[in-house]
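Two complexes come next, and they have one chain in common, chain A, joined by chain B in the first and chain C in the second.
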Partner chain A sequence: MRLFRRPSATPLWRDEFAIDQAEERYVNRRQFAKFLVLISLGMLVGNVWIAIRSVFRREPVFEPHPIAGAAQTPVGGVKLFSYPGEHDPCILVRTAADTFVAYSQKCTHLSCAVLYVPEARRLECPCHEGYFAVEDGSVLQGPPPRPLPRIVLERRGAELVATGVEILPRRGGHVASGSYPGASTERRS
Partner chain B sequence: MSDRSPNDGEKALGGLVSIDGALALIAVLLVVQMWLLTAALELHLAGHYETAVPAAIVSAVLFLAGLALFLFVDALDAEVRRG
Partner chain C sequence: MFGYEFYVDPSRCIGCKACENACAECDTHRGTPMIHVDFIDRKNTIATVPTVCMHCRNPTCAQVCPADAIKMTDDGVVQSSMKPRCVACNNCVLACPFGVPKMMVAAEQMMKCDMCYDRTSAGKRPMCATVCPSQALAYVEPEAIAATRRDRPTDVFFFGRERVTTKVRMMAPAARDAIALDVADYMWEGGA
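Up next is the complex of A and B:
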């Protein structure tokens, strides 16, 4: 171990931090490249995970769930319920005397609760002003990337029953409103 | 102090330029891969399951290209260091 520094023209800091600047840049860039490649690996893992989920997906089974008090909802009024799970809020809208539609209440943008505005006949997300058509749940304006998932409704005896959830295509696709006795079932293409 | 010759400096500079180019390419590939992941997730959530496998294959190709560039950077770095 050297106790005393020999006299030299080199400054003391140069001896103690003997790092070549060019070499330091090399190391930094190599580490940065490694970091980028690791992020790229993470992206690949994410894509593979999505692919696995898509290939091995199971069609969900929905239990029928009666919507209590649907018949008492006034025209233009709404009723909130949960379907298919307890933590899946949905909104039922009575658009006409004999027509009901129901959608997931979670906005497809950031999951804020959507509200029905009867004057405009649309569902609105107050967080970022995303608007959905009440007829089919399609996006009218704003940041939501997808239509609202539609709750399939069936009339069974005196009650209205939720029987499934449909994710509508981004554009076009069919639309079928939940029907009530005498209601017309619309289909658009 | 290092005992490098003036030629070593020029070689190191050339190596740095090559490494910078490779890094830029890796960054571009990564941006494309990020977009691909968000698009694949968006389509999966929208119920378009048929796009997930091609997206994963393209993502794998992009990753392998990035890995090849990284190995190039690593080898070039080692070569310049050896002098």
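Up next is the complex of A and C:
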């Protein structure tokens, strides 16, 4: 069966109600019932597969990674780094003398790089004017559907170490640890 | 399919109506034959002609069906109307150039010769061809016809300017390429 009809002198209704049985494109009741059964079977298999996967789901494991030069960042300044993988750009913001926050730099809307605006104390995505609060990465305005994934920071002696990624759900509040691209999925031993 | 073709030879018909009776044996239309034997010109001759469905390549009956009830199978056999669809409008009965479809008034459905589809689709001969004593109705291989008959089969008919090609072949004099019938001749018979 062709998807598109070629230009033809015969009217469309003649194609749809063909005299030749082989050219009939009718969907009769039995075919429709078969289609329904097959589709619902597919839905069932898919749901069972999702259920099984959720039972055997692996928690992502993040390797701690020191952020070089964090101490040299001025207050209100930023430092770009990559975490957890080499191609996961992140932004570290020194909001106060001893307060650091870090987020994934990819806007949750269409993955543009977000920028820190110290005057407004927010992270701004220049592509579609999506603004995120610098305190918790929540969406202040614009099209982004989710808050920015937050990088968990830990002070180990003189250096600042990134130890994990927290993905906040859509409406904030509850912190869930979800899978993150680039995170290794080895089981924690 | 199976290499057999249906040949009708009116010049061999003896008017015995064995075909009609054999056809009427069928359980799908018990008692009503789908083939009919007609006298051509009763006043002047005893010549008869059997009329089976010619199974047109572009069946007029199906073309005029408003309910999409008449279908042609892959092997070119035009089937009777589908019972759930047929609205008994008689369009096919009026449109068929050969006068084949029959309105079964009691069933409110058109039925016609389907070349004994239950038999021919399984490699058997249609009932009429098995009983015809003079083989005016023959369901044989084309080689057999070429070897045994002087006449030549044709599958092209003209009704006025309308050209009709069929699956069933009519035996025509060897000199003729096609059989031409001018319907208007019969319509104005006896008139001006």
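Everything that follows uses one rule, which is that the second predicted complex is superposed on the first by the 116 of 189 C-alpha atoms of A that agree within 3 Å, B and C clash if a C-alpha of one lies under 4 Å from a C-alpha of the other, contacts with A are read in each partner's own complex, and residues count from 1 in each chain.
In the analysis below, a residue touches a chain if its C-beta (ideal position, glycine included) is under 8 Å from a C-beta of that chain, and two chains touch if they have at least 3 such contacts.
Quick caveat, the model's predicted, so the values are computed rather than measured.
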| item | value |
| --- | --- |
| Touched partner set for A:36, first chain B, second chain C, both or neither | first |
| Contacts of A:20 with chain B and chain C, given as first, second, both or neither | both |
| First, second, both or neither for A:54, with chain B first and chain C second | first |
| Greater chain A contact set [chain C / chain B] | B |
| Which of chain B and chain C A:72 touches, first, second, both or neither | neither |
| Intersection of the chain A residues that touch chain B with those that touch chain C | 20, 22 |
| Partner chain C, residues of chain A touching it in the complex | 17, 19-22, 24 |
| Complex contacts: residues of chain B adjacent to chain A | 1-2, 9, 12, 15-16, 19-20, 22-23, 26-27, 29-30, 33-34, 36-37, 40-42, 44-50, 52-53, 55-56, 59-60, 62-63, 66-67, 69-70, 73-74, 77, 80-81 |
| Chain B contact footprint on chain A (complex, rising order) | 10, 14, 18, 20, 22-23, 25-26, 29-30, 32-34, 36-37, 39-41, 43-44, 46-48, 50-51, 53-55, 57, 108, 145-146, 167, 169-170 |
| Contact set on chain C toward chain A in their complex | 58-59, 62-63, 68, 70-74 |
